[in-house]
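Before anything else, here is the set of structures, which you'll find just below.
Across the two complexes that follow, chain A remains constant while its partner is chain B and subsequently chain C.
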Partner chain A sequence: MKRLSLFTICLIILVGSWLVLRFVIGGVISVPIPASVIAMYMGLILIAVLVHISVEDSLFREFLRPIHETLVDDKRRVRRRVIAVLIPFFLLGYTYSIIAQRANPPGSPRDAHPSPPLELTYKDEVIGTMQDVVNPFRHYEKDDPEAFKAHVENGRRVYHQNCFPCHGDHLDGQGHFAPYLQPLPANFQDPGIIPNFQESFFFWRIAKGGPGLPAAGTPWDSAMPIWEDYLTKDEIWDVILFLSDYTGYQPRTFGEAH
Partner chain B sequence: MKNRNVVSLLMLVFGILCVLTLAHAQNAPEASEKGKEVYENSCAHCHGTEGRGDGSAAENLLPKPRDFTRGLYKIRSTESGQLPTDQDLFDIITEGMPGSSMPGWETSLSADDRWEVVAYIKTFYDGFKESETSPRVISLEDKIPYSEESVEIGKGLYVDLGCVECHGNVGRGDGTSAPTLTDEWGFQTWPANLTQGWNYRGGADTEDIFKRFIGGLAGSPMPAFEGDSFLHFGLTAEESTRLSELENKDEMTAAEEEASEQFYEKMDAAVDVALNRAEGMELSAAEQQTYNNAMKVVYEKSWHLANYVKSLSPEKRPESAIGNNVLRSQYVQGALPAMDDAAWETLQSGYFPLVGQIVIEPRQFNPTIDSVNVKSFYNDKETAFLFTWDDRTNTVGDETDEATGKTLEDALAIQFPVKVPQGPTAPKPYFLWGGRLPVYLWHWKASAPEQVTELTAKGINNAEVQEAQGELHVQSAYTNGQYKLWVKRSLKTDDKKDLQLEPGVFVPIAFSAWDGANGDIDTKRVMTSWYTFVLEPVPSSRRFVYPPLIAILSLGLLFGLRAVVQRRNSEEVKNM
Partner chain C sequence: MSKKRLYLILGCVLIAYAFLAVAPVVFAQDATEAEYRPFPKIGSRNAAWIAAQLHLLFGSFILGVPMFAVIIEFIGWKTKDMRYDRMAQEFIKLCMGAFSTTALLGGVLVFILIWCYPKVMTKLSGIFGPTMIFYVVLFFGETFTLYLYSYGWDKMQGRHKGWHLFLGVLLNVWGTAIMFVSNSWLSYQTSPATQYGVLSEGRRKSWIEEKLAADPSLTPETAMEGVTSHTMVPLHNETTGEFMGTLWDAVNNFTWMPVNIHRLVGNIAFGGSIVAAYAAFRFLVAKTKEDKAHYDWMGYTGNFIALCGLIPLPFLGYWLGREIYMFNNTMGINMMGSLFSWLFIIQAVMIGVLFIGANYYLWSGMGRIEGAEVYARYRPYMITVIIICVAIWMTPRTLSKISSASELSAMGGANHPHLGLFGLMTAKNTAVNIIILTTFLSFLFYRRSGKIPTASWKRIGNVAISVIFFLATVSIVVIGIVGFTVPTDLRVNILTPYQVLVALAVMAVVTVVDIFMYRKATMSGTIKWGEMTDRSQYVLILVAITFTSLMGLMGYARSGLREAWHIFGVMQDTSPDAFTPLLSEAVNMVAIIMVAFFALVGFIFWLGLWGEKKKQAAAAPVEAEVAVESDD
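Now for the complex of A and B:
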């Protein structure tokens, strides 16, 4: 078999690396790499290739030889003509696609973990500081399981009369209204949701809804209602008990064990 | 010898496949504590602990959750009057019922749990225990494949069989009796909009549609195609055509009288046989033959009708207009097309699915309007929008809401911010008719179909009619269960409370819609959150200049390079 020329090898290295980055790692192994990172890797590989061919004069000449031949050698006439057609056509299509591209709307950035206020309030009544307030019915879990069950059951009722069209029967954020809301309703089955926040945080989110979100990190488009307008304080605490009871996730606490 | 091996191998494979197929149609296990537990945790909040369909969520739902104590199931693979198979119940639990609040449980309950639930819900109705034979399954064997001819025949049957009465001329569920329908429990029920296959409760495959015809939707006004609920039951297709001709005649000859009399007798006999069969009576061989002949015609016509119904809806729910799929207004030179202009057909519409407004009381948990479709053109001075949405009834303000005494009517509101937010982090007004930041609205009502009122709102209960009403051109129409609204406005106005439009600027847009017949009024409505629309800039003419320039340039470079190399080569040769 004929040995590959240095130029062909360099070309294979460059194209091959791009294919591996874009389709093998990004597609088959499915760890998509951002285009900018791919560009960076490709830049590094290109520099390495250039360094390699320019260390010695002879290597550089060897690298240029096929280009040289293609440009002037009579034996390479066919290849030359093909390239003389392909390159301009490629550039024609590429520049057209860039210029004719339609503008797309700006994405809207969203802070997944809005920071709560220092004080927890229900309507205008101050309940306490966000850090210290605990669910007043949580202690029944140990002290009085019957009473605890009653609160969970009440929470279940409240949930299914108010929350489930969006947050879903299974509390997975897939209620029958959910697909048409942006942002999507919270998924309480996601292990990153309930265990990461105190019950006071959930009380705040439920009581104040979308309009109660902090100004930082706008634009808030959340369709979450202001539930303090419709639910009593106890109902909100009960529904929080139900969320953790149904999913089996415990909200974060800063108790004695800490 | 070798051949025989191949044959026995094939038979073995075939045998395994048969076993697997049979194993697929499972039966539910005996009812257990586990089934009760899963039911109470996942189903009881809608269907009730006793299975009566009266869970805590039920009051806010329409269609109502099924009452399991009557043994009436809409979505079955079984014949009229039969109970569902276990597999039917399992499939509904797994896949849910599109267009209702019944979700699919495939990802949230294991298959074993779903089978346990099937066993448990069967305990709510004694008929399951009492029936000794398994339910009679509808045969799908003689399926008539989809074809233009079949659709055409089905279209005729759609009228002849009386589908129009409820489902309307073109299938939008807007038939004359649509508003009067109630189910077995007395709750209001709307006929399916057949142009929205994604909302068919039992799926939109031709087979699914066919099964709904033969089996009926038990408990709902949709009849099974059997006995006297099927036109000319017992007659062949030719006889049926002949009888229709005779019935349309003003006067019949004696011979014709007699012929039609014979047809009626034949029909009566067939209906009687079907009734006896439904009641479980043993049929004689002759009766069985009569029944089979009658049903053969029913099956054939049902396949044609199923093919027609299938043709009414797109295969999938359209993609909603989010992300890069935003609503783009197309530039035209000269006058903008009026409402009925064919030019609108050339545009793709933006699809905006609507949801019930459940943020502020009074709330709408049971929307009847699926979506609004929007198209738009603009020229140098003006923009025109065409909004279309399906509504089964044309309510123009002749009914009043019992609670408020206000007039019920159909309406649409299109919402924009007064000022377009600059940059992705700039806040938009609250999506429900604004708040701290105001919104600018076009409000159209069915009672004044040639008029759109401009509003400014700072909250859903805080809207004002603008004092200076701008010049909006409006056309509208209601045909076959669909509203069309056409609005034209100039891009720029003198009113500071109006939105000013400019090509290339992405503008938030949102919708509210009211179906008067569904009790929609004020905050009780269907709505969207913010979407985006843009007057799509005319593509730059640079796109015809730069690319060829670059191509020519690159060609020049190649030639230049070649010339340089050639010259250097010849110099080298000389120097040698």
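Now for the complex of A and C:
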């Protein structure tokens, strides 16, 4: 059997990688990967291929040989003509893909996470600095497990009375209102949500809701209500205890480990 | 170097000193007149930005180069190989060329700051005044030591070499001290606070008094409840904004030391990369085989130094980031999860370029060593590992900005359920450690190329090294996976340092084993210096460009983190430039600065070459005459 040229192998790697990303990882294994991320990965794979073929002169010559043959060798006349015909079609398709009208609106330009204020407030009362405020009931976890359990249960009640239509009964952001919201409600089961923020951050987000989001990083378009208008301070702290208790994730702390 | 040029350099340096020395007096006079003054055309912030970044880039170069020049000189002295000595001297010559420009840019920066930001400078000089005088003294020390070190190079050979090396070390002491002093000013602007445990007695008392005054229900005992040696204490009265600490409190602010260490190592990497780019350029234009061989070797050394600096940099950057989170969580979230989060994706891309470039150069270098072919078969696997790790590192956590509405809907939110995990630090740290280990493996192969070990235990040694690599990789990956499930405190303070320690331990242990295994190795081939591909030289230039751009971008992050504050939480920026520039604006600005830097560096190096050529041309007839006479 004729050995494949280095150029063909590189082409197979590139096309194969795209198929794997698009249909295997973004289909069979998981949900679809955004086109921009696939483009980013493909760029890296192209760099890997170029690095491999250009490190050694002999490999580089071997890679260029079929290109050179196609361009100048009379035996490759048919291939040359086919490529010459295909290039305008490729450009046509590429141009069409750029300028064609789409019914698919762009995603939200919002930041990953809103930037919290320096001070935490409840209505007009200043509770303290975002850095220093801690959940007043968190210490019960060690000091008084029964009291802690009671606060968690209260948090569960508050959650199921107010939050679950959007954030879901499994706290995974899959509530029955969720499909109609953009941006989608937070998924507390995601390991990147609860462990990355202090409890004061969650208090701020719950208390101030969508309208309380900062001017920077807009538009947020969050449908989250201003919960300080409906919940007491203690209820908000309790619901935060419930979030971490149910998911098993501990909110971020800056303890004595320093 | 001619006397005229020396006077010119000294003149420039003295003008810069004059700016620095009169600065505090000018600040005081200006304070009553204006808070801000506009800089024509480009605006105050852009003017200060350009001058500061260019000054920093030149400063980084002239502080980084002497660090490895003195080590190379020491190696040359110990091994009695004059090639090392000549190369170290050549490095210092490059440094000399850039020195006066650094001083001039420093002067320009001070001038812009005094003119455009008088009130800020008054505030800073009021706190840091003595350190500014100390800075000038250190600068004098560095200038004269550098001149002695450079001009005394040929005269202090032989029995005076020890003293010359001492001068080299002294030069580094001055340079490091200068950087530490100026770092205290900018790190204070970011974090004007320090921990209770290292706070001066006076500030401890005034802080408690402030607490008691703010809340009359407190007693001195209850006010101290919950206060530990790690409690962050502001250095200013929280009501009036008046500075209440000592000078040392301000200098030893919370992010000072992480910035110091990060920059110290960064200077080595940057200096190495600029030297390597210079050598690459000389290699590309070299006409003779000897010149090609020399500059190939110089480029290799520069790249090796850059790599040595680059390997610990991600850890040190992580430490700095952690300290910023510790100082202020809001600032931390702004940095990694909010305003500046996309900057860190660009950072990942650029660091990926650096590691891929460094590995590419090593692999290309193996092409000039006879007997290195045996390692070529591992290269595709190593490329694959590095590319996968870079892909993980640069995968954004939140994809909302780069996805369409239908893609977001298909993912069930802004985070991809699987790839989104790569956006978390535990995955990124794992990827970085694997990249570093792979790069180390590349270097190991390079070191071994063309050598055949003669140690009787070479088989066992190789098995042991393979096992060490395998176990280390498994440990790093397992720690990374566990990192998803533990509280952040535990991950940041315990697991991540363990990952780093595993990578460092592997590099230390394997290096020792390898040195012993190859101690009496026989050569299977020689290194054909000068027989590198031109592509590899362009990669060295790309690495230098990437380093320069990266430093500019991270400078934007460090400074931008303060947002609309000159001194975070203390002194607000009320100028028209108070807004945080867009990332695109920052990228454009950094690109302009990068081009300006390389234009200046190119001009300075060209001046050096010009002088060299004139000297050679003048010496040629004399040499010819001597040759004719000796023939007779």
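Going forward, the second predicted complex is superposed on the first by the 149 of 258 C-alpha atoms of A that agree within 3 Å, B and C clash if a C-alpha of one lies under 4 Å from a C-alpha of the other, contacts with A are read in each partner's own complex, and residues count from 1 in each chain.
Just so it is clear, contacts are C-beta pairs under 8 Å (C-beta built on N, C-alpha and C of every residue); 3 or more make two chains touch, one makes a residue touch a chain.
Just so you know, these numbers come straight off a predicted model, no measurement behind them.
Q: Classify the contacts of A:41 with the two partner chains as first (chain B alone), second (chain C alone), both, or neither.
A: Only chain C; A:41 stays clear of chain B.
Q: Which of the two partners, first being chain B and second being chain C, lies in contact with A:89: first, second, both, or neither?
A: First partner only, chain B.
Q: Looking at the overlay, does A:182 come into contact with chain B only (first), chain C only (second), both, or neither?
A: The answer is both, since A:182 touches chain B and chain C.
Q: Taking the superposition on A as described, I'd like to know which of chain B and chain C A:72 touches: first, second, both or neither.
A: In the superposition, A:72 touches chain B alone.
Q: Quick check on the superposed pair: does A:174 touch chain B, chain C, both, or neither? Answer first, second, both or neither.
A: both
Q: Looking at the overlay, does A:28 come into contact with chain B only (first), chain C only (second), both, or neither?
A: After superposing on A, A:28 lies clear of both chain B and chain C.
Q: Does chain B (first) or chain C (second) touch A:190, or do both, or does neither?
A: In the superposition, A:190 contacts chain C only.
Q: Once chain A of both complexes is superposed, is A:105 in touch with chain B (first), chain C (second), both, or neither?
A: Both: A:105 reaches chain B and chain C.
Q: Check chain A for residues that touch chain B in one structure and chain C in the other, and list them.
A: In chain A, residues 102, 104-109, 174, 179, 182 are touched by chain B and also by chain C.
Q: Give every residue of chain A touching chain B within the complex, in rising order.
A: Counting only chain A, the residues touching chain B are 68, 71-72, 80, 83-84, 87-89, 91-93, 95-96, 99-100, 102-109, 156-157, 159-161, 164-166, 168-170, 172, 174-177, 179-182, 209-211, 215, 218-221, 223, 225-226, 230, 246.
Q: Inside the complex, what are the residues of chain C that reach chain A?
A: My answer: residues 228, 230, 232, 325-326, 328-330, 333-334, 337-339, 341, 352, 356, 360, 363-364, 367, 376, 379-380, 383-384, 386-387, 390-391, 394-421, 423-424, 484-485, 487-494, 533, 535, 569, 580.
Q: Going by the contact rule set out above, which residues of chain B touch chain A in the complex?
A: Going through chain B, the ones touching chain A are 41-42, 45-46, 55-57, 59-60, 100-101, 103, 105, 107-108, 320, 322-324, 326, 328, 353-356, 358-361, 365, 421, 423-428, 430-431, 435, 504, 506, 528-530, 532, 534, 536-537, 539-540, 542-543, 546-548, 550-552, 554-555, 558, 561-562, 565-566, 569.
Q: Show me the residue ranges of chain A that touch chain C in the complex, using the header's touch definition.
A: Those residues of chain A that touch chain C are 25, 29-37, 40-41, 44-45, 47-48, 51-52, 54-57, 102, 104-118, 130-131, 173-174, 179, 182-184, 187, 190-192, 195-198, 200-201, 216-217, 249-250, 252-258.
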